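Order of writing sets the chain letters: A, B and C. Residues in each chain are counted from 1.
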Amino acid sequence: VNTFFTGIVTLLTDFGTADGYVGAMKGVLLSEIPEVQIVDISHEIAPYSYRQAAYSLLNYAFNFPSGTVHVVVVDPGVGSKRKGLILKTANHLFIGPDNGVFSHIYRSVSYQAFQIKEQEFGSEVSATFHGRDIFAPAAARLIKGEDIENFCDPVSDLYSFYEAYQKMAEGKLILKVLHVDHFGNLITNFTYGDWLALGQPETLCAKIADIQIERIKKTFSEVGSGQYALLWDSQDFLQIAENSGRASDSLAMGEDDSIEFIIK
Amino acid sequence: VNTFFTGIVTLLTDFGTADGYVGAMKGVLLSEIPEVQIVDISHEIAPYSYRQAAYSLLNYAFNFPSGTVHVVVVDPGVGSKRKGLILKTANHLFIGPDNGVFSHIYRSVSYQAFQIKEQEFGSEVSATFHGRDIFAPAAARLIKGEDIENFCDPVSDLYSFYEAYQKMAEGKLILKVLHVDHFGNLITNFTYGDWLALGQPETLCAKIADIQIERIKKTFSEVGSGQYALLWDSQDFLQIAENSGRASDSLAMGEDDSIEFIIK
Amino acid sequence: VNTFFTGIVTLLTDFGTADGYVGAMKGVLLSEIPEVQIVDISHEIAPYSYRQAAYSLLNYAFNFPSGTVHVVVVDPGVGSKRKGLILKTANHLFIGPDNGVFSHIYRSVSYQAFQIKEQEFGSEVSATFHGRDIFAPAAARLIKGEDIENFCDPVSDLYSFYEAYQKMAEGKLILKVLHVDHFGNLITNFTYGDWLALGQPETLCAKIADIQIERIKKTFSEVGSGQYALLWDSQDFLQIAENSGRASDSLAMGEDDSIEFIIK
C-alpha cells in the first residue's frame, strides 16, 4: 500500500523560468496526475550550485506534510555521468542527482537510497533533459503507487560535500562558510548541536582580519546598523549577519571560505 | 462562524526563493491545511523595501475573492522591534509587519487592526524567522476558524509612509515618486481622484530639468519611441512612462524623488 | 459542450513579479473560477521579448493536459496596436498578443485563430493592462464554457518572426540563433527534421571565427570542460553548448545572429 498519496511535489531547480524548462516538468506532472499539487520552491539556484540547493532543501523539506515528494534538479555538470537518486526517509521522498544536493539530508535523517534505472524511462529520453523525462515521471510513478524497486536499484556510496568544522588546539575552531543567503548572511558549518557538545561556551569570537565578532545574539536588533552579529539561523547553523548590510560584501567572504573562531 | 473559508493564501516577500525560506512557509501552511491554495505573488521585493511591497499589494489585493488571506513578509529592518499586524477588512485579511507595507491599504478601505501576541506561538520561535513561525501559522489558525482575538490584541497608531501630493501657489503641484516598476515607469502619489478634485485640468505638465511632459494620454502608443507620456496606471496613479524605454533611467529619477507639475 | 474543462491556466509574462501585476491576474482568475489551477511558467521573460516567449512556450505547451489554457502576456511594445488573439488547437487554447509570441506554434500544429473584440470586456478596461482586464477574463469565460465566437472574430494574417535556415551552395548552411537560454546555450533554427531532410549528414561543422565545432553529440559529457558541443535541445533544435561555460559569452553570439555551418 502506498503511503505517499498526498500528491504534493516540490520543485527546486537551477533552470530559471524563462526558457520554459520548468513549465515542461509541470506539464508532465499534471498530465500524469491531474490532481497533483505542484509547489515551486525555487528555480533561481545559481547554475550548477549543488551546495546552494543542498542548503535550501534542508530549510524546507521537513516542514512539508508526510508523503511529499521533493524533486531537485541541479545540473550535474561536467564529466562523468551522475546517478539519478531516490531517497526514502520516514516521511518524504527525495528525487535528484547524486552530486551533493542531498548532503544535508544524509546527516539529518535516516534513509534508504536507490538509483534510478534510466532505461526504464523509455526510448524518448533526451540526453539533456533529465528533469522532464526522468525525474518528473519518476515522481508521478511513485505517487500513483508504483513500487520503487520497479525502476530503481538500491545504492550506496553517495556523494556528500559536507565537512564538519575543525577543532584545533587552544580553543581555536575553523569553520567554513556553507552558504551565503539572499541577504548576504554567512551561514557556517557550526550547528547549535556542535555548540552544546562543546559545553555551550558563552563567548565565541570570530576573527576576520581586524574585525572581531563576539557572543551569540538572539536578534539583529541587539547590534547597531552596520554592525555584525553571530546568530543561529533558522536551521540552527551559526551565521554572521550584518544589521542593515550584507556581511558577505563588507567582509569579502563567500562560499567555502574558512573563518577562525576562538572560544573564550 | 468563520467567513474566511476560501483557503486562499497569497505570499509577498523580500526573501528571494533560492534559500528555501519561502519553501518553509509553504510547508508549514500545507502541513496545517492540506487543501490550502497558496498563491505566489512575489518573492523579489527588493530587500527591506516596504514601499515596493505596499505598492504591489494594492495592485492585487482587491482582485482576490472574498476570504483571501494576504501575507506580506518584508524584513522590518533595523532597530526597534516592529509589531506583527493583522488587518481585517470587509472581504480580506492581511498579515504582516507594522513597517509601512499596509500604507496604501489604510487609505483605501476601512479596517480593524490587531497586533499578534508572539508568545501565543510557542517556545520554538526563531528570532529571525517570523514568516515561518508566526505569520504562516497565524494565517492557518484564522483559516481553520480560530477567533482573531485568541492570539491578537486590538491596536492603533500604525505606521504609514504615504504622503499626499502638495499643492503650491499658482497652479504648481509637487508630486513624489511612489514606486518605480519593472518597466522603469515612474508612479506618482497623484491619483485620478486627486485629478477629479482639481476639476479635471486638461493639461498637466511635468517639468524635469529641461524636459516638459504634457497632457495625460490613454496609451503609450500616442507618443513616439523614446518619448514620454503621462498615463493613469492600473491603480489610477499618475505615472510617467517612456515608450520603448525606461523613464526612471533616462530621467534619472527614483523612489521618493519630487517632481514639479504645472496646471495649465 | 465545452471540452476545455480541466481548469488549468498557465501564465507566461514579461511583468516580473514585484509590482503585483501578475498577482492581479491571478486574483481575477480565482475570483471568476475558484477551482482554477494557475500554473506559473515564468514572469521573467525579458521585457518585450516576444522571441524568448515564443521559444519558451514551445518548450512546455504540449506537455500540458488536453484542455489547458495557455496565457502569454508580453508587452506588445511600440506603435500600432496589436490584436489580442486566441488560438484553438486540437488540445489547447492559447491567448496572447499578435506580436510573434505564437510563431513556433503556427509552424508546429494546426489551429484556428480568433481576434478578441476588446469592447466585449466592458468600460473599465485600462489602456495599459490587457493581462488583467482582457486576457485573464477571456480565459475565465472560455473555461466557464462560453463560446469563443461570442467575443472573438475569426482572423488571419498573423505575425510570425520565424525564418527557416538558409541552404547555400556547396554544402553551406546559414543558421540563425533563435534563443539564448539560461545556461548560455545557443539554440538555432535548425531542427532534427531539417537534418533528416538533408539525409542525416554525419558531420555538421559550425564555423565561428577561428573555432570549428564538429559532429552532433548525445551529451555534454562527450566533450571536455570549456569545449563546445553540437546537441539537439529538448525541442529538437540544434544548439551549441559549452561544457561548464556559457557559449553565448565565450563565442560572443546572441539572439538573431547568423552562424555558418558546413556539411562534410
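Here, contacts are C-beta pairs under 8 Å (C-beta built on N, C-alpha and C of every residue); 3 or more make two chains touch, one makes a residue touch a chain.
Only a predicted model underlies this, so the values are computations on that prediction, with no experimental measurement involved.
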Task = Select the category (line, ring, star, complete, other) that matches the graph of chains linked by touching.
result = complete
Key: Self-contact between copies chain A and chain B, residue sets same or different by half   = different
Ask   = What whole-number Å value describes the gap between the mean CA coordinates of chain A and chain B?
value = 32
Ask   = Can you list the chain C residues in contact with two or more other chains?
value = 40
Request  = Show which residues of chain C lie in contact with chain B when the two form their complex.
outcome  = 15-24, 26-28, 30-31, 34, 38, 40, 47-48, 75, 77-81, 126-129, 132
Query = In the complex formed with chain B, which residues of chain A make contact?
reply = 6, 8, 10, 12, 37, 39-46, 52, 55-65, 68, 179, 181-183, 218-221, 225, 231-234, 243-244
